[in-house]
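For reference, chains read A, B and C in written order, and residue numbers begin at 1 within each chain.
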Amino acid sequence: MMVKTPNTYSLVRGASEGRTRLNAFDKALLQAGVGDTNLMRMSSILPPAAEEVSVDSIQFPKGGLVPLAYATIDGNTPGRLISAAIAVGIPEDDREPGVIMEFEDHANLDNVEEIVRQMVVDGFEYRNRKLKEIKSFGIEHKIETCGAVFAAAVLWYK
Amino acid sequence: MMVKTPNTYSLVRGASEGRTRLNAFDKALLQAGVGDTNLMRMSSILPPAAEEVSVDSIQFPKGGLVPLAYATIDGNTPGRLISAAIAVGIPEDDREPGVIMEFEDHANLDNVEEIVRQMVVDGFEYRNRKLKEIKSFGIEHKIETCGAVFAAAVLWYK
Amino acid sequence: MMVKTPNTYSLVRGASEGRTRLNAFDKALLQAGVGDTNLMRMSSILPPAAEEVSVDSIQFPKGGLVPLAYATIDGNTPGRLISAAIAVGIPEDDREPGVIMEFEDHANLDNVEEIVRQMVVDGFEYRNRKLKEIKSFGIEHKIETCGAVFAAAVLWYK
(Lines give C-alpha, C1' and ligand atoms only; values in the text may rest on other atoms or scores of the structure.)
Protein backbone atom coordinates (compact mmCIF):
# COMPACT_ATOMS: atom_id res chain seq x y z
CA MET A 1 0.00 0.00 0.00
CA MET A 2 0.95 3.57 -0.52
CA VAL A 3 0.18 5.87 2.34
CA LYS A 4 -1.11 4.79 5.75
CA THR A 5 -4.84 5.41 6.06
CA PRO A 6 -5.54 8.16 8.63
CA ASN A 7 -7.36 7.17 11.84
CA THR A 8 -8.36 10.52 13.36
CA TYR A 9 -10.28 13.55 12.17
CA SER A 10 -10.66 17.12 13.41
CA LEU A 11 -13.27 19.67 12.37
CA VAL A 12 -11.78 23.14 11.97
CA ARG A 13 -12.77 26.53 10.60
CA GLY A 14 -11.45 30.01 9.95
CA ALA A 15 -12.45 33.33 8.40
CA SER A 16 -10.26 36.26 7.52
CA GLU A 17 -9.60 39.36 5.50
CA GLY A 18 -6.36 39.71 3.54
CA ARG A 19 -4.71 41.88 0.95
CA THR A 20 -5.19 39.18 -1.70
CA ARG A 21 -7.52 36.18 -1.86
CA LEU A 22 -4.67 33.76 -1.20
CA ASN A 23 -3.57 35.81 1.82
CA ALA A 24 -7.12 35.83 3.18
CA PHE A 25 -7.25 32.06 2.69
CA ASP A 26 -3.84 31.62 4.32
CA LYS A 27 -4.96 33.63 7.38
CA ALA A 28 -8.15 31.59 7.59
CA LEU A 29 -5.96 28.45 7.63
CA LEU A 30 -3.85 29.90 10.45
CA GLN A 31 -7.00 30.69 12.41
CA ALA A 32 -8.16 27.12 11.84
CA GLY A 33 -4.89 25.78 13.26
CA VAL A 34 -3.48 24.29 10.06
CA GLY A 35 -1.72 27.33 8.57
CA ASP A 36 1.83 26.04 8.80
CA THR A 37 1.26 22.71 7.06
CA ASN A 38 1.05 21.60 3.45
CA LEU A 39 -2.59 20.71 2.91
CA MET A 40 -3.40 17.91 0.46
CA ARG A 41 -7.02 18.17 -0.59
CA MET A 42 -8.87 14.91 -1.22
CA SER A 43 -12.26 13.60 -2.05
CA SER A 44 -13.82 12.98 1.20
CA ILE A 45 -14.31 9.71 2.98
CA LEU A 46 -13.96 9.15 6.72
CA PRO A 47 -11.88 6.02 7.37
CA PRO A 48 -13.71 3.38 9.44
CA ALA A 49 -13.67 3.98 13.21
CA ALA A 50 -11.70 7.20 12.86
CA GLU A 51 -11.61 9.02 16.16
CA GLU A 52 -12.44 12.69 16.58
CA VAL A 53 -9.65 14.67 18.20
CA SER A 54 -9.17 18.37 18.83
CA VAL A 55 -6.83 19.99 16.33
CA ASP A 56 -5.11 21.66 19.29
CA SER A 57 -4.03 18.25 20.55
CA ILE A 58 -2.15 17.53 17.31
CA GLN A 59 1.44 18.58 16.76
CA PHE A 60 1.61 18.68 12.99
CA PRO A 61 5.13 18.59 11.61
CA LYS A 62 5.88 22.10 10.33
CA GLY A 63 5.50 22.04 6.58
CA GLY A 64 4.27 18.43 6.79
CA LEU A 65 1.82 16.94 4.30
CA VAL A 66 -1.65 16.84 5.82
CA PRO A 67 -4.66 15.22 4.07
CA LEU A 68 -8.04 16.91 4.44
CA ALA A 69 -11.40 17.69 2.86
CA TYR A 70 -12.53 21.29 2.85
CA ALA A 71 -15.05 23.88 1.79
CA THR A 72 -13.85 27.37 0.98
CA ILE A 73 -15.12 30.52 -0.69
CA ASP A 74 -13.56 33.93 -1.05
CA GLY A 75 -14.54 37.26 -2.59
CA ASN A 76 -13.79 40.94 -2.79
CA THR A 77 -17.23 42.51 -2.94
CA PRO A 78 -17.65 44.49 0.29
CA GLY A 79 -20.77 43.52 2.24
CA ARG A 80 -21.32 40.13 0.63
CA LEU A 81 -21.81 37.18 2.92
CA ILE A 82 -19.67 34.06 2.49
CA SER A 83 -20.15 30.79 4.37
CA ALA A 84 -18.38 27.42 4.34
CA ALA A 85 -19.42 24.26 6.16
CA ILE A 86 -18.23 20.69 6.53
CA ALA A 87 -20.30 17.73 7.69
CA VAL A 88 -19.19 14.26 8.72
CA GLY A 89 -21.55 11.29 8.74
CA ILE A 90 -20.68 8.49 11.14
CA PRO A 91 -22.01 5.04 10.21
CA GLU A 92 -23.72 2.71 12.68
CA ASP A 93 -21.31 -0.05 11.70
CA ASP A 94 -17.85 1.18 12.61
CA ARG A 95 -16.21 -1.23 10.16
CA GLU A 96 -17.67 0.90 7.37
CA PRO A 97 -16.32 4.27 6.21
CA GLY A 98 -18.18 7.50 6.86
CA VAL A 99 -18.90 10.29 4.41
CA ILE A 100 -17.56 13.83 4.53
CA MET A 101 -19.36 16.57 2.61
CA GLU A 102 -18.37 20.18 2.03
CA PHE A 103 -20.42 23.13 0.83
CA GLU A 104 -19.91 26.86 0.46
CA ASP A 105 -22.04 29.72 -0.83
CA HIS A 106 -22.88 33.39 -0.71
CA ALA A 107 -25.46 32.73 1.99
CA ASN A 108 -25.75 32.61 5.76
CA LEU A 109 -24.26 29.70 7.63
CA ASP A 110 -27.63 28.21 8.66
CA ASN A 111 -28.52 27.65 5.02
CA VAL A 112 -25.13 26.30 4.06
CA GLU A 113 -24.96 23.98 7.06
CA GLU A 114 -28.46 22.64 6.40
CA ILE A 115 -27.49 21.79 2.83
CA VAL A 116 -24.22 20.11 3.77
CA ARG A 117 -25.99 17.96 6.39
CA GLN A 118 -28.56 16.89 3.80
CA MET A 119 -25.70 15.98 1.48
CA VAL A 120 -24.45 13.53 4.11
CA VAL A 121 -27.93 12.03 4.50
CA ASP A 122 -28.08 11.54 0.73
CA GLY A 123 -24.58 10.03 0.67
CA PHE A 124 -25.57 7.41 3.22
CA GLU A 125 -28.89 6.74 1.53
CA TYR A 126 -27.50 5.86 -1.88
CA ARG A 127 -24.78 3.78 -0.21
CA ASN A 128 -27.51 1.85 1.67
CA ARG A 129 -25.53 2.49 4.82
CA LYS A 130 -27.04 3.24 8.21
CA LEU A 131 -26.23 6.67 9.58
CA LYS A 132 -25.59 7.01 13.31
CA GLU A 133 -24.78 10.67 13.63
CA ILE A 134 -23.92 13.82 11.69
CA LYS A 135 -21.40 16.36 12.96
CA SER A 136 -21.22 19.67 11.15
CA PHE A 137 -19.13 22.77 11.57
CA GLY A 138 -18.94 25.99 9.63
CA ILE A 139 -18.34 29.69 9.56
CA GLU A 140 -19.84 32.79 8.00
CA HIS A 141 -18.18 36.10 7.24
CA LYS A 142 -19.26 39.43 5.79
CA ILE A 143 -16.64 40.65 3.35
CA GLU A 144 -14.98 43.96 4.20
CA THR A 145 -12.46 44.26 1.38
CA CYS A 146 -11.17 40.82 0.46
CA GLY A 147 -12.22 37.86 2.58
CA ALA A 148 -12.16 34.08 2.74
CA VAL A 149 -13.79 31.37 4.85
CA PHE A 150 -12.62 27.81 5.32
CA ALA A 151 -14.15 24.74 7.00
CA ALA A 152 -12.42 21.36 6.97
CA ALA A 153 -12.18 17.82 8.21
CA VAL A 154 -8.47 17.26 8.78
CA LEU A 155 -7.38 13.61 8.72
CA TRP A 156 -4.44 12.52 10.80
CA TYR A 157 -2.88 9.72 12.89
CA LYS A 158 -2.65 8.64 16.49
CA MET B 1 11.90 9.15 -1.46
CA MET B 2 8.47 10.12 -0.38
CA VAL B 3 5.70 7.84 -1.56
CA LYS B 4 6.18 4.57 -3.44
CA THR B 5 5.56 5.01 -7.15
CA PRO B 6 2.41 3.12 -8.22
CA ASN B 7 2.82 0.15 -10.58
CA THR B 8 -0.74 -0.56 -11.74
CA TYR B 9 -3.49 1.46 -13.37
CA SER B 10 -7.22 0.96 -13.89
CA LEU B 11 -9.53 2.85 -16.22
CA VAL B 12 -12.88 3.60 -14.60
CA ARG B 13 -15.96 5.71 -15.27
CA GLY B 14 -19.28 6.73 -13.79
CA ALA B 15 -22.27 9.00 -14.45
CA SER B 16 -25.01 10.00 -12.08
CA GLU B 17 -27.70 12.40 -11.02
CA GLY B 18 -27.73 13.81 -7.48
CA ARG B 19 -29.42 16.43 -5.36
CA THR B 20 -26.28 18.60 -5.46
CA ARG B 21 -23.26 18.63 -7.79
CA LEU B 22 -21.05 17.06 -5.14
CA ASN B 23 -23.62 14.30 -4.51
CA ALA B 24 -23.84 13.60 -8.25
CA PHE B 25 -20.03 13.43 -8.37
CA ASP B 26 -19.94 11.19 -5.30
CA LYS B 27 -22.44 8.78 -6.88
CA ALA B 28 -20.44 8.75 -10.10
CA LEU B 29 -17.38 7.77 -8.02
CA LEU B 30 -19.33 4.94 -6.40
CA GLN B 31 -20.44 3.72 -9.81
CA ALA B 32 -16.80 3.83 -10.93
CA GLY B 33 -15.78 1.64 -7.99
CA VAL B 34 -13.76 4.25 -6.08
CA GLY B 35 -16.48 5.95 -4.03
CA ASP B 36 -15.30 4.88 -0.60
CA THR B 37 -11.71 6.07 -0.94
CA ASN B 38 -9.96 9.42 -0.57
CA LEU B 39 -8.96 10.39 -4.07
CA MET B 40 -5.77 12.41 -4.53
CA ARG B 41 -5.81 14.10 -7.91
CA MET B 42 -2.49 14.44 -9.69
CA SER B 43 -1.00 15.58 -12.94
CA SER B 44 -0.93 12.58 -15.02
CA ILE B 45 1.98 10.36 -15.89
CA LEU B 46 1.85 6.59 -16.19
CA PRO B 47 4.79 5.04 -14.31
CA PRO B 48 7.05 2.88 -16.52
CA ALA B 49 5.77 -0.67 -17.10
CA ALA B 50 2.64 -0.08 -15.01
CA GLU B 51 0.27 -3.00 -15.45
CA GLU B 52 -3.41 -2.59 -16.26
CA VAL B 53 -5.69 -4.29 -13.73
CA SER B 54 -9.43 -4.33 -13.29
CA VAL B 55 -10.60 -2.01 -10.54
CA ASP B 56 -12.79 -4.87 -9.31
CA SER B 57 -9.67 -6.88 -8.52
CA ILE B 58 -8.41 -4.19 -6.13
CA GLN B 59 -9.37 -4.09 -2.49
CA PHE B 60 -8.80 -0.44 -1.69
CA PRO B 61 -8.50 0.28 2.03
CA LYS B 62 -11.74 2.01 3.06
CA GLY B 63 -11.00 5.70 3.30
CA GLY B 64 -7.48 5.06 1.98
CA LEU B 65 -5.54 7.63 -0.04
CA VAL B 66 -5.67 6.73 -3.73
CA PRO B 67 -3.75 8.66 -6.44
CA LEU B 68 -5.43 9.17 -9.78
CA ALA B 69 -5.89 11.41 -12.81
CA TYR B 70 -9.42 12.24 -13.85
CA ALA B 71 -11.77 14.16 -16.10
CA THR B 72 -15.07 15.37 -14.70
CA ILE B 73 -17.86 17.76 -15.60
CA ASP B 74 -21.17 18.48 -13.93
CA GLY B 75 -24.14 20.71 -14.57
CA ASN B 76 -27.73 21.43 -13.72
CA THR B 77 -29.23 22.44 -17.07
CA PRO B 78 -31.76 19.72 -17.97
CA GLY B 79 -31.12 18.20 -21.39
CA ARG B 80 -27.48 19.26 -21.73
CA LEU B 81 -24.98 16.59 -22.67
CA ILE B 82 -21.85 16.08 -20.55
CA SER B 83 -18.97 13.76 -21.41
CA ALA B 84 -15.66 12.90 -19.73
CA ALA B 85 -12.87 10.73 -21.12
CA ILE B 86 -9.44 9.54 -20.10
CA ALA B 87 -6.70 8.24 -22.40
CA VAL B 88 -3.50 6.44 -21.56
CA GLY B 89 -0.56 6.29 -23.94
CA ILE B 90 1.77 3.31 -23.56
CA PRO B 91 5.35 3.82 -24.79
CA GLU B 92 7.21 1.32 -26.95
CA ASP B 93 10.08 1.37 -24.46
CA ASP B 94 8.68 0.11 -21.18
CA ARG B 95 11.47 1.80 -19.21
CA GLU B 96 9.88 5.12 -20.14
CA PRO B 97 6.76 6.61 -18.54
CA GLY B 98 3.47 6.87 -20.39
CA VAL B 99 1.18 9.85 -20.65
CA ILE B 100 -2.35 10.16 -19.25
CA MET B 101 -4.67 12.79 -20.65
CA GLU B 102 -8.13 13.84 -19.49
CA PHE B 103 -10.81 15.87 -21.23
CA GLU B 104 -14.42 16.81 -20.59
CA ASP B 105 -16.97 18.93 -22.41
CA HIS B 106 -20.60 19.61 -23.16
CA ALA B 107 -20.40 17.29 -26.18
CA ASN B 108 -20.96 13.69 -27.12
CA LEU B 109 -18.45 11.10 -26.04
CA ASP B 110 -17.14 10.41 -29.56
CA ASN B 111 -15.92 13.99 -29.84
CA VAL B 112 -14.45 14.09 -26.36
CA GLU B 113 -12.71 10.74 -26.75
CA GLU B 114 -11.26 11.74 -30.12
CA ILE B 115 -9.78 14.88 -28.57
CA VAL B 116 -8.32 13.10 -25.55
CA ARG B 117 -6.66 10.50 -27.79
CA GLN B 118 -5.12 13.25 -29.91
CA MET B 119 -3.83 14.87 -26.70
CA VAL B 120 -1.91 11.66 -25.97
CA VAL B 121 -0.49 11.60 -29.51
CA ASP B 122 0.68 15.19 -29.03
CA GLY B 123 2.14 14.40 -25.59
CA PHE B 124 4.28 11.63 -27.06
CA GLU B 125 5.28 13.72 -30.07
CA TYR B 126 6.73 16.64 -28.13
CA ARG B 127 8.46 14.17 -25.80
CA ASN B 128 10.05 12.47 -28.84
CA ARG B 129 8.85 9.20 -27.40
CA LYS B 130 7.51 6.30 -29.46
CA LEU B 131 3.88 5.45 -28.82
CA LYS B 132 2.89 1.77 -28.80
CA GLU B 133 -0.79 1.99 -27.96
CA ILE B 134 -3.54 4.28 -26.72
CA LYS B 135 -6.29 3.07 -24.42
CA SER B 136 -9.23 5.38 -23.85
CA PHE B 137 -12.38 5.18 -21.78
CA GLY B 138 -15.19 7.60 -21.21
CA ILE B 139 -18.83 8.24 -20.52
CA GLU B 140 -21.59 10.55 -21.67
CA HIS B 141 -24.72 11.60 -19.84
CA LYS B 142 -27.74 13.77 -20.59
CA ILE B 143 -28.52 15.92 -17.56
CA GLU B 144 -31.94 15.39 -16.02
CA THR B 145 -31.76 17.75 -13.04
CA CYS B 146 -28.23 17.82 -11.69
CA GLY B 147 -25.68 15.40 -13.14
CA ALA B 148 -21.99 14.57 -13.18
CA VAL B 149 -19.69 12.33 -15.22
CA PHE B 150 -16.27 11.04 -14.21
CA ALA B 151 -13.55 9.11 -16.07
CA ALA B 152 -10.24 8.26 -14.43
CA ALA B 153 -6.98 6.38 -14.49
CA VAL B 154 -6.55 5.10 -10.93
CA LEU B 155 -2.95 4.33 -9.93
CA TRP B 156 -2.26 1.59 -7.42
CA TYR B 157 0.09 -1.17 -6.27
CA LYS B 158 0.51 -4.90 -6.71
CA MET C 1 3.16 10.11 10.66
CA MET C 2 2.00 9.83 7.15
CA VAL C 3 4.45 11.05 4.58
CA LYS C 4 7.98 12.19 5.28
CA THR C 5 8.22 15.98 5.29
CA PRO C 6 10.29 17.22 2.33
CA ASN C 7 13.62 18.93 3.06
CA THR C 8 14.55 20.52 -0.26
CA TYR C 9 12.88 22.93 -2.66
CA SER C 10 13.50 23.97 -6.25
CA LEU C 11 12.06 26.96 -8.07
CA VAL C 12 11.07 26.09 -11.64
CA ARG C 13 9.14 27.64 -14.51
CA GLY C 14 7.90 26.95 -18.01
CA ALA C 15 5.82 28.49 -20.79
CA SER C 16 4.44 26.83 -23.89
CA GLU C 17 1.91 26.69 -26.66
CA GLY C 18 -0.10 23.51 -27.24
CA ARG C 19 -3.03 22.18 -29.22
CA THR C 20 -5.19 22.14 -26.07
CA ARG C 21 -4.82 23.90 -22.72
CA LEU C 22 -3.77 20.68 -21.01
CA ASN C 23 -1.15 20.02 -23.69
CA ALA C 24 0.20 23.56 -23.29
CA PHE C 25 0.36 23.00 -19.53
CA ASP C 26 2.03 19.60 -19.99
CA LYS C 27 4.70 21.15 -22.26
CA ALA C 28 5.28 23.93 -19.73
CA LEU C 29 5.84 21.21 -17.09
CA LEU C 30 8.37 19.47 -19.35
CA GLN C 31 10.18 22.77 -19.89
CA ALA C 32 10.23 23.25 -16.11
CA GLY C 33 11.84 19.82 -15.66
CA VAL C 34 8.93 18.09 -13.93
CA GLY C 35 6.94 16.87 -16.92
CA ASP C 36 7.37 13.15 -16.37
CA THR C 37 6.21 13.09 -12.74
CA ASN C 38 2.84 13.02 -11.01
CA LEU C 39 2.49 16.42 -9.41
CA MET C 40 0.56 16.67 -6.13
CA ARG C 41 -0.49 20.27 -5.55
CA MET C 42 -0.54 21.48 -1.97
CA SER C 43 -1.11 24.58 0.06
CA SER C 44 2.22 26.06 0.39
CA ILE C 45 4.53 26.01 3.35
CA LEU C 46 8.30 25.66 3.20
CA PRO C 47 9.46 23.05 5.73
CA PRO C 48 11.96 24.44 8.27
CA ALA C 49 15.57 24.60 7.05
CA ALA C 50 14.65 23.21 3.63
CA GLU C 51 17.59 23.53 1.30
CA GLU C 52 17.38 25.02 -2.18
CA VAL C 53 18.62 22.65 -4.87
CA SER C 54 18.60 22.86 -8.65
CA VAL C 55 15.85 20.79 -10.21
CA ASP C 56 18.48 19.46 -12.64
CA SER C 57 20.28 17.82 -9.74
CA ILE C 58 17.21 15.75 -8.84
CA GLN C 59 16.46 12.40 -10.39
CA PHE C 60 12.73 12.17 -9.89
CA PRO C 61 11.37 8.64 -10.20
CA LYS C 62 9.52 8.49 -13.53
CA GLY C 63 5.83 8.79 -12.75
CA GLY C 64 6.66 9.36 -9.07
CA LEU C 65 4.46 11.44 -6.78
CA VAL C 66 6.00 14.88 -6.31
CA PRO C 67 4.57 17.52 -3.92
CA LEU C 68 4.68 21.14 -5.00
CA ALA C 69 3.01 24.54 -4.89
CA TYR C 70 2.39 26.29 -8.17
CA ALA C 71 0.93 29.21 -10.06
CA THR C 72 -0.47 28.63 -13.54
CA ILE C 73 -2.64 30.40 -16.06
CA ASP C 74 -3.61 29.47 -19.59
CA GLY C 75 -5.69 30.98 -22.36
CA ASN C 76 -6.50 30.90 -26.04
CA THR C 77 -6.89 34.56 -26.93
CA PRO C 78 -4.03 35.40 -29.33
CA GLY C 79 -1.93 38.34 -28.16
CA ARG C 80 -2.95 38.26 -24.49
CA LEU C 81 -0.19 38.26 -21.92
CA ILE C 82 -0.08 35.58 -19.20
CA SER C 83 2.33 35.51 -16.26
CA ALA C 84 2.84 33.17 -13.32
CA ALA C 85 5.20 33.67 -10.39
CA ILE C 86 6.16 31.88 -7.20
CA ALA C 87 7.82 33.43 -4.14
CA VAL C 88 9.43 31.74 -1.17
CA GLY C 89 9.97 33.53 2.13
CA ILE C 90 12.82 32.23 4.28
CA PRO C 91 12.50 32.91 8.03
CA GLU C 92 15.35 34.24 10.17
CA ASP C 93 14.83 31.35 12.58
CA ASP C 94 15.49 28.19 10.61
CA ARG C 95 13.47 26.10 13.06
CA GLU C 96 10.38 27.86 11.74
CA PRO C 97 8.66 27.10 8.43
CA GLY C 98 8.73 29.51 5.52
CA VAL C 99 5.87 30.65 3.36
CA ILE C 100 5.36 29.96 -0.34
CA MET C 101 3.01 32.18 -2.34
CA GLU C 102 1.82 31.82 -5.91
CA PHE C 103 0.15 34.33 -8.20
CA GLU C 104 -0.86 34.47 -11.85
CA ASP C 105 -2.61 37.05 -14.02
CA HIS C 106 -3.11 38.52 -17.46
CA ALA C 107 -0.31 41.01 -16.81
CA ASN C 108 3.41 41.37 -17.28
CA LEU C 109 5.76 39.45 -15.03
CA ASP C 110 7.03 42.52 -13.16
CA ASN C 111 3.55 43.21 -11.84
CA VAL C 112 2.82 39.60 -10.98
CA GLU C 113 6.18 39.09 -9.28
CA GLU C 114 5.78 42.30 -7.24
CA ILE C 115 2.41 41.08 -5.99
CA VAL C 116 3.61 37.60 -5.10
CA ARG C 117 6.56 39.03 -3.15
CA GLN C 118 4.22 41.32 -1.20
CA MET C 119 2.05 38.27 -0.44
CA VAL C 120 5.06 36.67 1.25
CA VAL C 121 5.74 39.85 3.26
CA ASP C 122 2.11 39.81 4.41
CA GLY C 123 2.25 36.10 5.25
CA PHE C 124 5.24 36.68 7.54
CA GLU C 125 3.73 39.80 9.08
CA TYR C 126 0.51 38.18 10.26
CA ARG C 127 2.49 35.18 11.49
CA ASN C 128 4.70 37.58 13.52
CA ARG C 129 7.65 35.80 12.01
CA LYS C 130 10.89 37.51 10.99
CA LEU C 131 11.63 37.35 7.29
CA LYS C 132 15.25 36.85 6.23
CA GLU C 133 14.92 36.70 2.47
CA ILE C 134 12.47 36.38 -0.39
CA LYS C 135 13.27 34.39 -3.51
CA SER C 136 10.91 34.76 -6.45
CA PHE C 137 10.78 33.26 -9.91
CA GLY C 138 8.30 33.59 -12.72
CA ILE C 139 7.60 33.66 -16.41
CA GLU C 140 5.56 35.65 -18.89
CA HIS C 141 4.23 34.58 -22.25
CA LYS C 142 2.26 36.22 -25.04
CA ILE C 143 -0.38 33.78 -26.27
CA GLU C 144 -0.10 32.76 -29.93
CA THR C 145 -2.96 30.27 -30.21
CA CYS C 146 -3.30 28.38 -26.95
CA GLY C 147 -0.69 28.93 -24.24
CA ALA C 148 0.10 28.19 -20.62
CA VAL C 149 2.64 29.38 -18.06
CA PHE C 150 3.71 27.59 -14.89
CA ALA C 151 5.90 28.60 -11.93
CA ALA C 152 6.44 26.29 -8.97
CA ALA C 153 8.26 25.47 -5.79
CA VAL C 154 8.89 21.73 -6.00
CA LEU C 155 9.45 20.01 -2.65
CA TRP C 156 11.67 16.97 -2.46
CA TYR C 157 14.19 14.99 -0.39
CA LYS C 158 17.92 14.65 0.02
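To be clear about the criterion, a contact is a pair of C-beta atoms (placed from the backbone, for glycine too) under 8 Å apart; a residue touches a chain by one contact, two chains touch by 3 or more.
Just so it is clear, the structure is predicted and the values come from calculations on it, not from any experiment.
Homomeric contact chain B/chain C is classed as different-residue, with under half of its interface positions used by both copies.
After Cα superposition, the angle needed to carry chain A onto chain B is 120 degrees, rounded to a multiple of 5.
Computed centre separation for the pair chain B/chain C is 25 angstrom, with centres defined by C-alpha atoms. Those residues of chain B in touch with two or more other chains are numbered 3, 6, 40, 67. Against chain A, in their complex, chain C makes its touches with residues 1-3, 5-6, 40, 42-48, 50, 67, 69, 96-99, 101-103, 115, 118-119, 122-123, 126-127, 155. Across the complex, chain A meets chain C through its residues 3-4, 6, 18-20, 22-23, 26-27, 29-30, 35-40, 61-67, 156-157.
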